[in-house]
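There's a structure below that I have some questions on.
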Amino acid sequence: MELTVKEIIAWLEISNTNIQENKAYLTELDQAIGDGDHGINMARGFQEVLNKVTDQEYEAISDVLKDTAMTLISKVGGASGPLLGTAFLKMSTAVKGQESLDTADFAAALNEAINGIKQRGKATEEEKTLLDVWSPMADYFSAVDQFSAEVITETAKDAMEKTKDMMATKGRAAYFKEKSIGHLDPGAVTSFYIFSGLAEAVKGGKN
Amino acid sequence: MELTVKEIIAWLEISNTNIQENKAYLTELDQAIGDGDHGINMARGFQEVLNKVTDQEYEAISDVLKDTAMTLISKVGGASGPLLGTAFLKMSTAVKGQESLDTADFAAALNEAINGIKQRGKATEEEKTLLDVWSPMADYFSAVDQFSAEVITETAKDAMEKTKDMMATKGRAAYFKEKSIGHLDPGAVTSFYIFSGLAEAVKGGKN
Amino acid sequence: MKKIINNANEVVQEMVEGIAAAYPDAVKQLPETSVIVRNDVPVKGKVGIVSGGGSGHEPAHAGYVGKGMLDAAVSGEVFTSPTPDQVLEAIKAVDGGNGVFLVIKNYTGDVINFEMAAELAEAEGIDVEQVVVNDDVAVEDSSFTTGRRGIVGTVLIHKIVGSMAEKGATLKEIKAVADKAVANVRSIGMALTSCIVPEAGKPSFELGENEMEIGIGIHGEPGIERESLKSSNEIAERLAEKVLRDLDYSGSEVAVMINGLGATPEMELFIVNKKVQQILKDKDIHVYRTYIGEFMTSLEMAGCSVTLMKLDDELKALLDADTAAPAFR
Amino acid sequence: MKKIINNANEVVQEMVEGIAAAYPDAVKQLPETSVIVRNDVPVKGKVGIVSGGGSGHEPAHAGYVGKGMLDAAVSGEVFTSPTPDQVLEAIKAVDGGNGVFLVIKNYTGDVINFEMAAELAEAEGIDVEQVVVNDDVAVEDSSFTTGRRGIVGTVLIHKIVGSMAEKGATLKEIKAVADKAVANVRSIGMALTSCIVPEAGKPSFELGENEMEIGIGIHGEPGIERESLKSSNEIAERLAEKVLRDLDYSGSEVAVMINGLGATPEMELFIVNKKVQQILKDKDIHVYRTYIGEFMTSLEMAGCSVTLMKLDDELKALLDADTAAPAFR
């Protein structure tokens, strides 16, 4: 299969559901090594994304991704809003003109997203941020030629869990220094919900 | 017996001991129907009185009472400081030139004290204030011709306890209106410690 | 009790020294007293303005010492009126030959101690006049009671009499404008939590996790009703209603003050303000000026108060006049 | 959670409306935004000054909007940087033709969102310059980390760049003075209790009844050490020492700011001040001016911070210049 507008919209819907369901959990994670607003931020942002993308018909994947990006950028704030927004914006540009995406297309888009995140956030891998989920996911999609729901979820989960043992050096968690070790990165957990949302969408879990 | 400088000083000493020992209790009483500073105020004031009157030799009762008054007026503040200070000041004036006091002399002095309190505080009896101990004590000393430690204590205690059922209409407790009923008046309790201190002094409890 | 203090029984003395150390160009401490005065007192020819009361209400009163406001503030122990000798020192220090005006909050202790000081000052040949502020509508006013309490509205009185004195008004003129201002100001407060008197070491009263108290005093004296916590809009309505019921403000211009009692974030004061302004608008009461912040606190109590003062042209001009008092804004 | 609010997720919007309603003669809200601007923006020819950040730090930042200080303040959600489109609206509203200067606190989110806004503004032909304030010495500064946080020292930067802009300085001149001021300001905070983000509904962290934390951030980010509660003098020493160790203040003139984080009574700030002034005196550091009060809070957190800024004649004059900003005193 390839990802079409339908799967992309389902992806966003399921991601939103995941995030709403885990809003309090995400906030708790951010209370431990941040300022306790991540769940609130993400729930607000993805709800707005959902309102936006389910409000109209889309022809192009790139348009869905662009609306997602602009909504995240203009409704969230904090570090995560503009960073995830930038990720979706870069993906939107990368897939311009494409009607469907295979794993290679998707990997290419993710790589653009990652570059965007790095440029904006001046972080790199292993700094205990959402990058530590996005980066392994890009690698994974580059290496496969099938969208496999189970492996996607597993890969994202592995990546998310690895953030637990990292020491944060970027973002608010960096102020916790050594004490950040032993806690999951909130943005990485959100990113896991996003990619496990993709896995569900690939299975046709929604629609 | 009659009260001489020796008994008056013992009176102040024992009153101070009583008040220091019950500082927290007096503050609690004032937390219930006031602003929670009465024990602190009285402990500060009587400690200063003690420092003052044990620091020197006195010839005249009136001088001891005057120093007590001036110390209470200048070290306490609040409502109780100037009112008790005024009481001692009026007593000082009333006993000027006297080397010893019998019950009638003491009653006369107390009556002056009460007038002073009433004038300053614009309160009268039955308004749930320290007056409701001072007034019955004046009546009592007018009616007897002996200083009897037990009856003094008993009379003061009775008077103090009667304030429990009164409704406050003056002082900070007045803001509690009906809710002030059922609580002892802090200033009345302090006054009880003062008169029970007198009883001890009469017994020769100190010195 | 969690407080940033050294000794519970030295907080006032240390605070007064800390105030003097903060604003050496504007104020000074009278040696061996708890009195903060303007650096340039006595100001020759100007009526001196003295206020004060128990501590724990900062920035009241010492924060309002400065050109255009108070000449002296006398700090008593926490929640305890200052003693007459301290007030007398303040009066003597600020008398520039034309007398001294006292602004007193209506509490038995404050009234007694200030009046004793006034008598002593008069005995020394200083003319003294006074006003007793009683803006708290939570308390019934009757001749059998001690009457309404003086709370945060007092700060507006400080401003008004301070401006008036700065303009060179006489004691009598100041007394007249003070009486008018006091007659036109009403306040009411509410609390979410108690405060802790440092020396007492524990909360003055208890409020349940879902309770609030309307009409609370600034020393933790009780309010009118203890009830379940309401929304900001409902609280604003309740407070405004009590104030508006006590004095006829219809058609008039007012100053509004939304005061934080200590621990309440300013954010919440602005949310209360939003509703209060709406209520006044609906009632055709024109807001001339709004003051928001902590003006008269009750240590770390969470809660707020709402004050309205009816204004005429004279009062407006006096409120607007410049002042150098560090805490007035 | 006890708060005087209506809906936890509408606090910022209601607060912004409440601010606009409080000071209609001085500021206004840009319609459909969380931006508070001076009433008279854009001021032709003057560089516009924009700051902002997450809400919950009131009176920062909207309280500093006024002649001589900020032209606009952008309020994000509680503790959440505002979005680029809101910042862009602010920039566009205040540009008087000579460009706009941004004062940003050093947090990833603030920097990213303000920079995105700056790019968008530049794309629309508006010159934008910025300074990133990083005064918090609790955080180590290294090229591998996000660097020191920006906290209450930011308010002094607002004052300085605001005065500079009011005098008619160019964007480049403002940038130069801002860089100098930021290089000369250091702060550190400490907390006794946590704050509660309204939407989270529970304390951001827990501190034991006998614990305090030195070096805490204004969003409850952790400090350097969590330890048993010390006396005010010891706390003042610790805070002053950390600041003094980070920059050589010896022989220089400084501005001192003792800032309350929300719930701490002003009384305690003055007690801290007493000791801080003594320490500076002992080290021959001359205090030019002292600011005491709540300048940048963390909702209802109990605690305080100490800030020192080294001054030269230019900075002194800029700090002293008049401002109409309602919260600066």
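Going in written order, the chains are labelled A, B, C and D, and every chain counts its residues from 1.
Please note the rule applied: a contact is a pair of C-beta atoms (placed from the backbone, for glycine too) under 8 Å apart; a residue touches a chain by one contact, two chains touch by 3 or more.
Quantities reported herein were computed from a predicted structural model and do not represent experimental measurements.
S.K.: Taking each chain's centre as the mean of its C-alpha atoms, which one ends up farthest from the centre of chain C?
M.R.: A
S.K.: Averaged over CA atoms, how far is the centre of chain A from the centre of chain B? Could you give it in whole Å?
M.R.: One centre to the other, that is 75 Å.
S.K.: Between chain C and chain D, what distance separates the C-alpha centroids? Give it in angstrom.
M.R.: 28
S.K.: Could you grab the centroid distance between chain B and chain D? Build each centroid from C-alpha atoms only and quote it in angstrom.
M.R.: Chain centres of chain B and chain D, defined by C-alpha means, are spaced 54 Å apart.
S.K.: Could you work out how far the Cα centre of chain A sits from that of chain D, in whole Å?
M.R.: 32
S.K.: Could you list which residues of chain A touch at least two other chains?
M.R.: Correct list: empty.
S.K.: Which chains touch which?
M.R.: A-D, B-C, C-D
S.K.: Spell out the residues on chain C that touch chain D in their complex, using ranges where they run on.
M.R.: Interface residues on the chain C side: 2-6, 11, 14-19, 21-23, 55-56, 58-59, 63, 192-193, 209, 212, 229, 231-233, 235, 258, 262-274, 277-278, 290, 292-294, 297, 299-300, 302-304, 326-329.
S.K.: In their shared complex, at which residues does chain B touch chain C?
M.R.: For chain B paired with chain C, touching residues are 27, 31, 34-37, 40-41, 44, 73-83, 120-121, 169-172, 174-176, 179.
S.K.: Looking at the complex, which residues from chain D come into contact with chain A?
M.R.: Touching chain A: residues 9, 54, 76-85, 107-109, 112-113, 116, 139, 144-146, 149, 197, 199-200, 204-205, 217, 219-222 of chain D.
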